[in-house]
Amino acid sequence: MSVVQITRIVRFNCAHRVWNPALSEADNARLFGKCNNPNWHGHNYTLEVTVDGPVDPTTGYVVNLRDVKAVVAREIVDVVDHKNLNLDVPFMAGTIPSTENFVLAIWRVLAPAVAPARLARLKLWETENQYVEYDGR
Amino acid sequence: MSVVQITRIVRFNCAHRVWNPALSEADNARLFGKCNNPNWHGHNYTLEVTVDGPVDPTTGYVVNLRDVKAVVAREIVDVVDHKNLNLDVPFMAGTIPSTENFVLAIWRVLAPAVAPARLARLKLWETENQYVEYDGR
Amino acid sequence: MSVVQITRIVRFNCAHRVWNPALSEADNARLFGKCNNPNWHGHNYTLEVTVDGPVDPTTGYVVNLRDVKAVVAREIVDVVDHKNLNLDVPFMAGTIPSTENFVLAIWRVLAPAVAPARLARLKLWETENQYVEYDGR
Amino acid sequence: MSVVQITRIVRFNCAHRVWNPALSEADNARLFGKCNNPNWHGHNYTLEVTVDGPVDPTTGYVVNLRDVKAVVAREIVDVVDHKNLNLDVPFMAGTIPSTENFVLAIWRVLAPAVAPARLARLKLWETENQYVEYDGR
Amino acid sequence: MSVVQITRIVRFNCAHRVWNPALSEADNARLFGKCNNPNWHGHNYTLEVTVDGPVDPTTGYVVNLRDVKAVVAREIVDVVDHKNLNLDVPFMAGTIPSTENFVLAIWRVLAPAVAPARLARLKLWETENQYVEYDGR
Amino acid sequence: MSVVQITRIVRFNCAHRVWNPALSEADNARLFGKCNNPNWHGHNYTLEVTVDGPVDPTTGYVVNLRDVKAVVAREIVDVVDHKNLNLDVPFMAGTIPSTENFVLAIWRVLAPAVAPARLARLKLWETENQYVEYDGR
């Protein structure tokens, strides 16, 4: 049975500071440069959420994307939009808010939440020139 | 021998109604919401057609993209552009015109038509925030 | 006092047929070509709504864009999204649904509705390669 | 003599809080909603800087854009990128960091700095769906 | 009578060298930097052609854009696409091929050619971060 | 250990001629059409460079992208930007400058240069409607 991937794109705006509290200020500055500004900076993030599966002949859908959109809105967008990734977001607590760690944390939240749809890939843009991807492996 | 993927992007504008005639109007409305409007709605679709193969040392090309473009124009764009996917497109007859079914139908048309080039992937955007992908599996 | 323009962008998907019922089928076909398909076609429209004025020193805003967004959602997006411009939209009744007439009709709805904000310009994209603009003159 | 406008686009990432310290917390929350988060949020800003003038027959240029780019980098990008608009940017001190106030402050810095080029227009995107424009009037 | 602007976007790819043959090589190198490479470089240009006028009540159109597209294709795209602006394009002969001079030359060709439509504005992108505009003044 | 992909996008502008000197002028013209113009044409290329690996718990990074950016700037952008791919670029010498051969040549330069990061994928856009991809296989 043919497997199709379907992707929904959402956007949110956050502040963050790339910072490892276990390191000295000097090491933080050396490693993270301007991303380590103690007064924070921020981004317009764009997240592409991909689920896949066979096409249901009754609906023509892999999944009713309305349901996926509701899950992503409730579990991710409402939690991170106009928030500080270091201070305000429970699922990022204790994590250096690099784009890599952010995408892994989103995966851990969404993979069970979109079931029975199967989460196939996340693509997270931090700027228009930089993005990360993760597919669960 | 190195395998390179090459992609051509085309665009077309269609009307459609996501609708399963085997279901009641109430079930159609519940399942498909505003996409089920009996007076139709429409989209600017963007289609990314990817073929792959080794590079021909005489041309530096996987395939002369001019040939792929001609096939895609004749088999897809000329057939669907400014058309109604439910009423006007022979290769969609009897199919619920979801994006998933649309990409599968395009695959069935293009895979043999682009030979000897090998169709590797289709990516079909329905809006700037939603797309499907299919790679023949 | 400095006058700043502020713009909000919204998107909606519609079916339409460019068709003048006062003309013969032959004249319609000759004038409007594939846009005259009697089975409809459709577009993802993008609308840029610009208001202008001096900046309020209490808020730093020309206008609270939240209010403009609510008006545009209620008066335009909810009325046209996933609709047929020829059949479903009261403010387009009796109008050939060209992009030019569509932008003029949106102006007539929005200019009074956004008051006391001053509507300064509308830019309406029908495809990614075509748009119209109107500034009330 | 023909007057041509030429525009250079730059990008920077900032944290901010839309907040009027003269108002109560309740009034701030009511007016600014989620933009008032005391822990900050942030954006990828895109700035379009337009200068205009007649074309110099020796160079074919209105102005050597290399010079404009150097001024914009030194006076704006280096000052605001990866910074907090409320805390770190001298030319925003004492200003509510709305997009409107931000574009006016950039104008006050750039208009004299790009001379003898004439600053004609600024367009500042806060998100991909929202921008402000100012032309000095 | 309301005046609406309508814009069509076209794209073409050219080589060029920004070079004033009346100057020394040293002056050319100093003024134009890497744009002066004697072996050429090139760009994907994007041109936005805007015409304006009242809306014809018979068609709902300012002008049948099909006619404008045919003129732009014949007079500009067919003449410059995959060409060298210094060597191959008659309407650029004797001109330093800066973006400013290029847009002025396109205006001189298109303004009479689109009549009776009125050419209102040209916007010419040389890269995604740089563009020029001209409106005939 | 989870493997994340991270991508950086860079841009450069080049002239080229798709031309096989081992073939006759007639065969070149027949195979390559307008891309064979002996006076050259050019493009704004966009290159997406993807590296992957596990996330370093000390930094939250797969790799410090600052290092990848420096390598891509030095080995690719500085070598090809505002250059002629047939005449000026040592790593393209003796190669037909098709997009396919260009991406393979960039891979041969970057794969060892980004070590110890692992080069995972290159995506090279020649126009906004055409791109190639290569992943080392």
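Miscellaneous remarks
Think of it as A, B, C, D, E and F in the order they're written, each chain with its own count starting at 1.
The working rule: contacts are C-beta pairs under 8 Å (C-beta built on N, C-alpha and C of every residue); 3 or more make two chains touch, one makes a residue touch a chain.
As the structure is a computational prediction, the values presented were derived from the model and not from experiment.
Under the touch definition stated at the top, chain C and chain E share these contacting partners: D. By the residue-number overlap criterion, the interface of chain A with chain D counts as same, with over half of its numbers used by both chains.
Of the chain pairs listed in C-E, E-F or A-D, the one whose interface repeats that of B-F (more than half of its contact pairs identical by residue number) is C-E. Our note on geometry: chain A versus chain E, Cα centroid distance of 42 Å, whole angstroms. The distance from the centre of chain B to the centre of chain E, each centre being the mean of the chain's C-alpha atoms, comes to 33 Å. One inter-chain figure worth recording: chain A and chain B are separated by 28 Å, centre to centre, where each centre is the mean of the chain's CA atoms. Under the contact definition stated at the top, the residues of chain A that touch 2 or more other chains are 128.
Under the touch rule stated earlier, the contacting chain pairs are A-B, A-D, A-F, B-C, B-F, C-D, C-E, D-E, E-F.
Those residues of chain F whose C-beta lies close enough to touch chain E in the complex are 11, 13-16, 34-35, 37, 39-44, 81-84, 87-88, 127-128. Listing the residues of chain F that touch chain A in their complex gives 2-10, 50, 55, 58-62, 64-66. Contact residues of chain B toward chain A in the complex are 18, 20, 22-23, 31-33, 95-101, 103-104, 128-134, 137.
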